[in-house]
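Common to both upcoming complexes is chain A, partnered first by chain B, then by chain C.
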Partner chain A sequence: MADVEMTKAASDDDWVKIVSEDGYSFLVQRKVANASETMQDMLDTSGNYSEAVSRTCPVQQRGVIVEKLLEYMSFKSYYANAGPKDDIPVGELMDRIPPEIVLELLLAADYQNM
Partner chain B sequence: MASAARRGRPKIKPPRRHGPDVSIDKTWADLANNIREIQNHNAPNLSFEENHRYAYNMVLHKQGEKLYNGVTQLVAENLDHLATIHVAPTFPSGSSDQTVQSQEAEMLLKALRYIWDDHTSNMVRLGQILKYMDRVYAKSADVPEIWDAGLNLFLSHIIRTPIKEHLVTAILNQIQFERDGYVVNRSAIRGCVDVFLTLEDSNGLPVYKRDLEPSLLRESQTFYELEGVKLLECCDAPEYLRRVESRFESEDSRTHHYLSRNTASALRQILQDHLLTPHLTTVISMGSSGLDTMIDLNKTNDMARLYRLYIAVPTGLPVLKRALKDSVRRRGDAINQASAGVEGSEAATSKSAQGAQTLTLALKWVREVLDLKDLFDKIWKDAFSCDRELESTLNEAFESFVNSNERASEFISLFIDEHLRRGLKGKTDTEVEAVLDKTITVFRFITEKDVFERYYKSHLAKRLLLGRSVSDDAERGMLAKLKVECGHQFTQKLEGMFNDMKLSQDTMNSYKAHLAKTVVAPKIDISVIVMTSTFWPTSQPIATCALPLEMIQASKSFENFYLSQHSGRRLTWQPSLGNADVRVTFKARNHDLNVSTLALVILLLFEDQGPDEFFTYEEIKQATSIADNELQRHLQSLACAKFKILKKHPPGRDVNPTDSFSFNTDFSSTLQKIKISTVSSKVESGEERKETKDRIDEERRHQTEACIVRIMKDRKHMTHNDLVNEVTRQLATRFQPNPLNIKRRIENLIEREYLQRCDDRKSYNYLA
Partner chain C sequence: MALPDDRVPTLVQYCQRVAAIHVEAISSFGDELRYDLVKPILQRCTVDQLLRLEQASPHLQKDTPEIWKELCFRTYPTAAERYHRGEIPEPESWKDQYFNLVEEEARRFEEVGLKIRRQRQEADERKKEQEIKITNQIPQGKRRWGVSAPPKTLFQKTKSEASKMQKNMYTKPLFPPMPSNGRNFRVLPADKAVLLPPHSGETSSRVTVNTVVHRVSAFGPVNSKSSSPMKSSPNSALSVTSLAPSPSPVLLSPRKPNTVSLTPSPSKSTSSSLSFTGPSSVITTLGQDAAQSPPKKRRLTSPEHSSPGSDPRPSRSLKRDPMASLFLPKHRAYSQRIS
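So, the complex of A and B:
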């Protein structure tokens, strides 16, 4: 399992840029971006759209929403390979979501297909 | 930002509305445009996000159906477009030139592969931007996802008449071309076949299975039917097999490289059914190149190939078995014939010559059988991968021809005798051992082992009595081998003979010690071998003769001694089996002669005779009272063999009752010790053989009876059939009993009240 991780990391390790509607940009590792299927498709080199060429994903959301999305995506990719016995602190993550943005966040997550 | 929002009462803000900023029609127009761009390979200039959002918005605003239908329409249009541009120009021109046809076929296949690749990469891209549609609309509307829709469209717009037919023809053309020995572009075919394998019709049946495979198999069948006939006409058997095998290989590699693995077995079946199976018998029995010739020329590789091919089909092994059996049988019959043929022509020649000839004949027969066995063993090992079934076939064949020679047992025993006799020229122990080992394998084929036992016994007796055995070890080794083959019972009597030899030696030692103590020792030394009558062959009727006085004294002296040691025994003298050393004075010098006992008796008649006196045959017969045939034999060895101790009048090779004999005082030889060997009748004459046969029949009768009684004693009650079967089974190690004879023995036993027939007339009771 560890070996597979290593080889995957080679391409997962490069950095991609996520840009919010209001101009905030975030640099994340590709593996984090892949937590969203929409972003994954967007950056997919076989589809090779302009986003994949520039390695930049525009997201039609406010910066605060994008930040939360990315926080969850990091969390998701970090625990992606957690065993059944590992303790995943989902509760803590939920606590960190401000109620004001949950609906907006929900729509964004649906769009990002994650 | 978050911290600012936390201040005060938390309030859930509604999300920003994605109102239709622009009309749906405008959105679709833009998206459609972009899709066309994608189909024109312009994806890198397009924004994924933008198109994804278009699709997202349309689905969100309940326009999924419009979107879905619009996209499929665009895809269909594109496919038609591709077909017109790329595939249509490559349709075959109808040229009759094979090379042109092949090139055109290749072009067509490549074109198909090209539009397939184009289509699939487009569909991947569309699938990415339309993922939201797949996820939300396709499921609820119960339509296939866009990727599958794309495959269906490809099926209906590309794999259709006439493109489909052209494609199938092209593939078949390429395969045919390759079968004819030309090189084709395998990857082009592979590309097309892969598409056929991927595409499935509405029933989930791959296009490959639906459209290509049936015609492919049909074509192959026709081709190989013709091919089989064609090959038969122009090739000999090894070449035919070579070609067929290479066909198998090439079809296998074909399915491996550019057809489906699943077709492999079907194609193999066609090859087997049409190229191999119909011609099995024809090929194997080809006059100048079939199996027989391969065996003759020792073509191991060809035979191995034949075996490989033949065991692949169910009818192959029986055909091979039959051919092998025939071949062995034919060769065996030739060997039998050779031995029988000479026999017929020898009737005119003299008896002694006949004997020698028959001996060489026997040796030749066994040697040839051994060579044949060696040959087939080698073939079996090298070419037939030690196939068990074939081994039993070979054994059966050998068994059948060996047993069809009714003198097989005698010949084998003679052969062994020849090798175990002392004074073998230039053969080491290990060589002899190897030869005997092989002989055992032939011996195994003999069903009438009791006949062999009889011959072996008499040959062994001669070796032992005349001290001609090469060594005790060799004899015992052979005996051990026979024991392994046939069990303890078979060798019991033979072992008894060895035991007698040993006991006799002990007896002689104590007899000599006894003589040393007595005053009146007989004038001559004698050496006696006491033979237990049941162990030794008594085929010759006891040949008595009138012994001279000295000899009678000597034998009486031993008789008294022996009977004093073992009371209740009876000694019968067998002068015909003994031999004697005698010093004879000729004109020139003295010679020590070693002659048989009977010959000595004859010689002693001439002891007190003048040089010119005669004895007629009748006189000798009266004086010695030796039976006619024995007397003739011994006179012949004294007067007509290499050393002529007696003169015969008139001279000649054969002894007649009208001849007369005188002592040959002029005899001279450089040797001091001379061995006068008796003209041997090692090989049986016809009469003797008949006698042997009678004896064997009698012995079999006893054995059968003993066997029946043994079984019935155990079972008390048995049906007729069971009894016959059991007897046959138990006696099979010795000989093959005839059911009729068994029945006769049973009747005989009923008469003698050992058995009783039950009321049902089908079974018997044992009477204690």
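So, the complex of A and C:
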């Protein structure tokens, strides 16, 4: 009997793989990946995207860009639950963006809706 | 899980901020970046940067008038006011409008600059005219010799006389005014006897003393030709040797322009003091001697007699009645002024 392969339920502790177009792959926790709405949708197990099944999300960007994206995502998810009294070092992230890639990053960030 | 994203800026915002800071380094936006992504960056460019980026990414150009309009308002607020009040119609191209405004501004600057420059030049010219100029021409006199000034009215006359008098009378004179006997000014006293040193009595029997007065200038050139040897040293024994025309120093008081008189006396003279004997032939050589001895004599006596020399003048003024000055006014009366 052929069972329909069910997508395993996602949990926040899952790790997902993000793959850049030039072959770099990054393993991040699901909650980090969910900082990007696009990625969240892609990896959503309720949908039947192949990405969800394989828990791999390819991004059409260079490895450098993907790395920066993920850096931002982890920053954002880290401070997501910060209380109202905590200071978020917003300027720190800005320093970490080199101007050489900023336009590409802008494009990618816009695509990822983050 | 809702991500509270109001506290952490989006990556898009981050990138826009970073890009705006480094807009100089951006050569082009490429084809893919949409206008609304890029807008915050463009809003922070300068005019040159905006032009450059516009040209590099032509697809943005249809959206840039908005940016130019903002630029216009930012740079020329007075024009912005006029536009808002409705005086200027909406221009077709805000970019062109911007450059029109730039030109207008430049023209206004030029005008103002010219005006200031012109004013400065005029001021300089006016100053130059008043400067001292070096010229070869004789400046024209204020009045020509044949033509006299227009006749003054009585009032003018009185006014000028009054000012002249005021100047002369009420200012302190720097030097004492010349006395009225200035012409008869003398260095040595008129009383010539003072000059002669008293002669010793022993020679009085033998020698007659006559003072000979002559004017040095009159005789000088005349007698220069006669070349008798001159013994002008005071110590020489008065040349007794002969009646030959050996001159000897003769005392001369160079005062009154009188005739020369000399009584010839036997010249058995002793070596008396300088000044006494006069052999007969002295007359001719008088001038020469006179030329030499008076200076010597003057030198001998003038220091002693400087005070008597200056006496005549004050002594003469003392002859005036001092009481007369009691009732003189402090300043001279109009009729008594010096003029």
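In this section, the second predicted complex is superposed on the first by the 104 of 114 C-alpha atoms of A that agree within 3 Å, B and C clash if a C-alpha of one lies under 4 Å from a C-alpha of the other, contacts with A are read in each partner's own complex, and residues count from 1 in each chain.
Convention: contacts are C-beta pairs under 8 Å (C-beta built on N, C-alpha and C of every residue); 3 or more make two chains touch, one makes a residue touch a chain.
On a predicted model such as this, the values are computed, not experimentally measured, just so you know.
Participant: Since both structures carry chain A, what do chain B and chain C do when superposed there: clash or fit?
Facilitator: After superposition on chain A, chain B vs chain C: fit, no clash.
Participant: Have a look at where A:49 lands relative to chain B and chain C in the superposition and call it first, second, both or neither.
Facilitator: In the superposition, A:49 touches chain B alone.
Participant: By the touch definition at the top of the document, which applies to A:63: first (chain B), second (chain C), both, or neither?
Facilitator: first
Participant: According to the stated criteria, A:35 is in contact with first (chain B), second (chain C), both, or neither; which is it?
Facilitator: So A:35 only meets chain C here.
Participant: Looking at the overlay, does A:15 come into contact with chain B only (first), chain C only (second), both, or neither?
Facilitator: A:15 contacts neither chain B nor chain C.
Participant: Between chain B (first) and chain C (second), which does A:114 come into contact with in this model arrangement: first, second, both, or neither?
Facilitator: Touch partner of A:114: chain C, not chain B.
Participant: Pick one for A:76: touches chain B only (first), chain C only (second), both, or neither.
Facilitator: second
Participant: Looking at the overlay, what does A:103 touch: chain B (first), chain C (second), both, or neither?
Facilitator: After superposition on chain A, A:103 lies in contact with both partners, chain B and chain C.
Participant: Mind working out whether A:93 is in touch with chain B, chain C, both or neither, as first, second, both or neither?
Facilitator: So A:93 only meets chain C here.
Participant: For the superposed arrangement, tell me the lowest C-alpha distance between chain B and chain C in Å.
Facilitator: 5
Participant: Residues on chain A in contact with chain B in one complex and with chain C in the other?
Facilitator: After superposing on chain A, chain A residues 99, 102-103, 106-107 contact both chain B and chain C.
Participant: Report the residues of chain A in contact with chain C in the complex, numbered from low to high.
Facilitator: 12, 31, 34-35, 69, 72, 75-77, 79-82, 88, 90, 93-94, 97, 99, 102-103, 105-107, 109-110, 112, 114
Participant: Show which residues of chain C lie in contact with chain A when the two form their complex.
Facilitator: 1, 3-5, 7-12, 14-19, 21-22, 25-26, 29-30, 32-34, 37
Participant: For the complex, which residues does chain A have touching chain B?
Facilitator: For chain A paired with chain B, touching residues are 37-38, 41-42, 44, 46-53, 57-60, 63-64, 98-104, 106-107, 111, 113.
Participant: Spell out the residues on chain B that touch chain A in their complex, using ranges where they run on.
Facilitator: These residues of chain B touch chain A: 1-2, 5-6, 10-16, 43-49, 51-53, 56, 121, 124-125, 128-129, 131-132, 135.
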